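Shared between the two complexes below is subunit A, which pairs with subunit B and subunit C, respectively.
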Partner chain A sequence: MLVSWDVLAIAVVVLVVGCIVALAAVVVIKGSRHARERRRTVHENAVRSRIMALAVAEDEALDALVQELASTPGPLGDHVEQTLLRMIPEVRGDVREAMISVLAARGLLRRSLQRISSRSAIQRAGAAELLGVLGGSEVIRPLTAALRDKNLEVRLVAARALGVAARPEAGGHLVDALSLTSGIPHSVAATALLNLPDQDPTVYIEGLRDRDAGIRYGSAAVVGMLLMSEAAEALFECLLAEGGRENASDVVVAACARSLGRLSYKPATSELAEISCSSSASSSVRQAAGEALRAMPGAEAREVRRHVMERADADVRRILVDA
Partner chain B sequence: MPHKILVVDDDADIRDLVSTKLESSGYEVETAGDGVAGLELATNNGYSLVISDVMMPGMSGVDMVRMMRAAEPPVSVPVILLTAKNQERDIESGFAAGITDYVVKPFSPRELAARVAGILAR
Partner chain C sequence: MDNILEPLRAGIQWLFEITAYPVLAYFIVINTSLLLLIIFASVNFTSHLRRQSFTGSRVTAASPLSPGISVLMPAYNEGAVIAASVRAVLDLRYPDHEVVVINDGSSDETLQTLIDVYDLVEDQREVSIKVPVRGAVRRTYRARDTALPIIVVDKENSGRSDSLNMGLNVASKDLVVMVDADSLLDPDSLLVVSKPFTDDPEHVIATGGVVRVANGCEVVAGRVVSVNMPKNYFARIQIVEYLRSFLLGRAGWSQLNSLILISGAFGMFRRDLIIRAGGLDADSIGEDFELVMRLHKLMREEKRKYRVIFIAEPVCWTEVPSSAAVLARQRRRWHRGLWEVLTKYRGMTFNPRYGSVGMIALPYYWIFELIAPAIELFGIFIVPLGLLLGVVNVPYALAFIAVAYLYAIFVSLMALLVEEASFHRYNRWRDLWVALSVSVIENVGYRQLTAVWRMQGWWAALRGKKQVWGTMTRTGFESSAP
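Up next is the complex of A and B:
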């Protein structure tokens, strides 16, 4: 029994000492973690203020700042990249260019160009997104190649990225991506097309004559949204020719009609009137033709609308009643 | 006395970028992270101009302007709205609420500063 008391006392002492040591260890670990986080915050704030300074720096000071941020090593360097990637889509002009210069100087463009050929689809999609943000002529070829990637997610990200990169030479590739076989939703490719500057109308004129109904549909819709009057005649031809096609599509006719209305293409007025009253056309096509007629300006179009009101069904009359 | 400008944006990056640019142009800048805080500051401090994002948690930039104008007495400080591309409705409702001008994102800080200078020179 006496031995038992001794053992118990020793055990209690050991336990107490153990607890004190454990407590001290926790305090030391937490303290060092806090100190590390404080140091990191201080460093990150310092880097952040240098990034913000890109907005005001000029000429030589700007070059020095770009170099400084480009050579920031380790986790702080990652912080520079993440902050810039967040900010670039929000800004334009010389600040955006300076930010992209920092990322390019850090090797992000080179790394992304390598990663877009990676075996991992996640890596390829990530690289495509970065290339879109970085922009410039050198990203167009790898991104257009990624539009044909075996993985749909990569193709989708590449289409979006081409819209972000906003280079006119991507137009033809994005029109091809409207194809029914690409798997890329029309809205994604069309939205990217709407972002491109200085577009070439011939790309859309060819698209309106394409064998693929998806390309014809997307081209027709985008031409209207861009108010691309150079393609209006081809749009009308596409509308007239669609009925005779092997793979004729109501959505193509409807998109052509709506875009002709947006473009106020007067030569199409009589044909649109016929379609809006045609019993052989689907309801959606008749309504699209009615919407286009409503948008047509001038006294002649007003007279045509008056005749259509006498012949068309209730849905079309409802569209035209306010015109 | 430098002009005092309030920048309201829930995105800290944009807030800091705009502040840095305006401070470098010689303005005194204060910031708020949402419409509610922005309204509070705008109502109680004498700012020469307010720059506000549209989409913010709690209260949108447009609602903030509407409440500034409806306050008693009304806060009639000029307001520039920072709006995303293709948000024509925000611009329309912004002007109806009483904004002075708008800048579309992605925006150029240099252009924003020029617009600020133009409005403050009126």
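Up next is the complex of A and C:
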């Protein structure tokens, strides 16, 4: 006999018990989820009208409403927080301010500031996200500190949060976060930089001369996206200097080229034409140069494009044919 | 009569003796490994769900620096759905994506519909051929309104893989997604599936989104708006099957960094890498599987750190076969594809040079995916014969079969438990009872049938029979209002 009857019987009993336990667990989980959903609907009905009133209330009525929502206790209060956190990214202006003041009055800012030094990386990342939503000058210091967190995920969330908080004083820190050593993807830090108001072009001009290729790339991308014409010359210098650098990077050249195109920086036209036809440049760099050439205005650029069409590869020709 | 029966009885007895322990070990290990994959998947889901509040999808959706995505959509006689499918993809929430439709020599109105609906004009621009293609291109089209990011390539019929290769040549973005024209994508699917590329651009080379069963769901304007259990028996069973093998199995492999199969219905790749790998293999039946294997091989041989990631969040919905004939064709094709790819990359199996892919994933697919139907059919054949000849003790055999099927049911219940605790897409109690009942019912009839179909696929591959793509008869969705 393969296995004894005893073993077989035990296996059957264990599996039947296992199936019953798994079945019971499925039923309990589903039941409790449905119960939570019902409670959520009750809470939703209880607070919806007051939250919507935040959007239209003024002066004393607004203060009273903020006070009322801030002091809502228990699970209903938790629901107020969750609802406001869901709504805040969708609203702007005074309504957003009112919502944030409700959350701050409920102690969310204080709790998040505490949690950003938690031992759990998930808690720290969650706190960084909330601090970004809550915004204000007091969140910048903890968020910039989180850019140097030992956990990459926390650093990444902190970079995004600084973009959401949108305070100009975060600019220098985010430019530093573009560094290859930070581990934060360039596109994340650069996207955050795009959201900051009142930016100083000199930060990016310095960034374009930095030894770190990540900082050069991010600065080049942001300068183009924000149409910082003051930095156009430095951008062109960066493009010319990149080939001679020890840590020359294709992505930096491509970013410089695209941004020069966005800024319509005419002195770069012939250099871009050279790059777009160069066999030593990578395909992505040639295409970026081609895109920049396509964006260049004027008769001279048209003439250059005509010459490039005769020499460039099919990908570049495909880009230029519309121009 | 006894002269014939006695040697047969002795033969069966001998067969039982030599196969009993290996089969028992096989059956314990296959279910236990499935259970382990489910545990790994649970870790994967927990990690995913705990991070949901800070995914950054809102920021990515608005960023001009998010990597561009080309959505490649091969279409063969999809005239009835093509306009809505393209519209649904164009409407996906993403800052920079284009749609490349490759009309694979359709004999219906697919091309004309696209020309009319999207006001297409002939595109005179050159296409640089980076990946060789077989089907000759007749014409390429683009929208008269150049702001509408759609390119249509009209070519001679040459199959899905070759069409996708043509799409790769036309695509201009850094990432490519391959979707079927009848796939229904969730609005945030591109954001969700591209997130690993944004967060770790250096290492992530491919991501696969989970594909769920659309049968029974309510669909409005190309979007699944209400998830329901289908009424069809085969479709219901496939829901549990997809849950167990695709959602949980692949999430488990992803957690082990050994994912070797990304569904052709929704997979995202770095375009430069696919081109470097030579595009899709137009001769392969399992072209999606083959591509991922080739990328693994390329990366491992270049000793590069890389990741292939499975996204468990629902992103893509597809209609599964609801008749035995269509299902049989599909399973034969899948198994044949499995055999072809595994034999093609046999040198990687048990080869430490290929890390966990070579030492864990590939051996698993050989032993527990490819051979499984043979073992199952052997059991189906030998046990009744043994009972008939009196070689097997009936109560003992029944108890043994009970253990085998109870373990399989337990694994399915664990899969349902993990789904309920994580994504719980089937919200109604009735759906749960249906899923539970099919977890039991599938063990009688369905499993055996699929084993037969898979063996047929294997047999066809061994005979070198030419594979023809059958027509997937679609029954449509519960409600398809525009």
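Following the convention adopted for this analysis, the second predicted complex is superposed on the first by the 278 of 323 C-alpha atoms of A that agree within 3 Å, B and C clash if a C-alpha of one lies under 4 Å from a C-alpha of the other, contacts with A are read in each partner's own complex, and residues count from 1 in each chain.
Simple rule for what comes next: a residue touches a chain if its C-beta (ideal position, glycine included) is under 8 Å from a C-beta of that chain, and two chains touch if they have at least 3 such contacts.
All figures in this text were calculated on a predicted structure; none of them were measured in a lab.
Of the two partner chains placed by the overlay, only subunit B lies in contact with A:Val56; subunit C stays clear of it.
Of the two partner chains, subunit B is the only one touched by A:Arg48; subunit C is not. Between subunit B and subunit C, C touches the greater number of residues of subunit A. By the document's definition of touching, of the two partners only subunit C reaches A:Asp315; subunit B does not. Once the two complexes are laid over each other on the shared chain, residue contacts for A:Pro89 go to subunit B and to subunit C alike.
Looking at subunit A, you'll find residues 89 touch subunit B in one structure and subunit C in the other.
Put simply, subunit B touches subunit A in their complex at residues 11, 13-14, 16-17, 19-21, 24, 105-111. Contact residues of subunit A toward subunit B in the complex are 48-49, 52-53, 55-56, 83, 86-87, 89-96. Looking at the complex, you find that subunit A touches subunit C at residues 1-3, 5, 8-9, 11-12, 15-16, 18-19, 22-23, 25-27, 29-30, 33, 89, 122, 125-126, 128-129, 153, 156-157, 160, 163-164, 185, 187-188, 190-192, 194, 221, 225, 284, 313-315, 317-318, 321-322.
Of all the residues in subunit C, the ones that touch subunit A in their complex are 20-21, 24, 50-51, 53-54, 56, 58-60, 63-67, 124-128, 146, 198-201, 272, 393, 396, 399-400, 402-403, 406-407, 409-410, 413-414, 416-417, 420-421, 424, 429, 432, 436.
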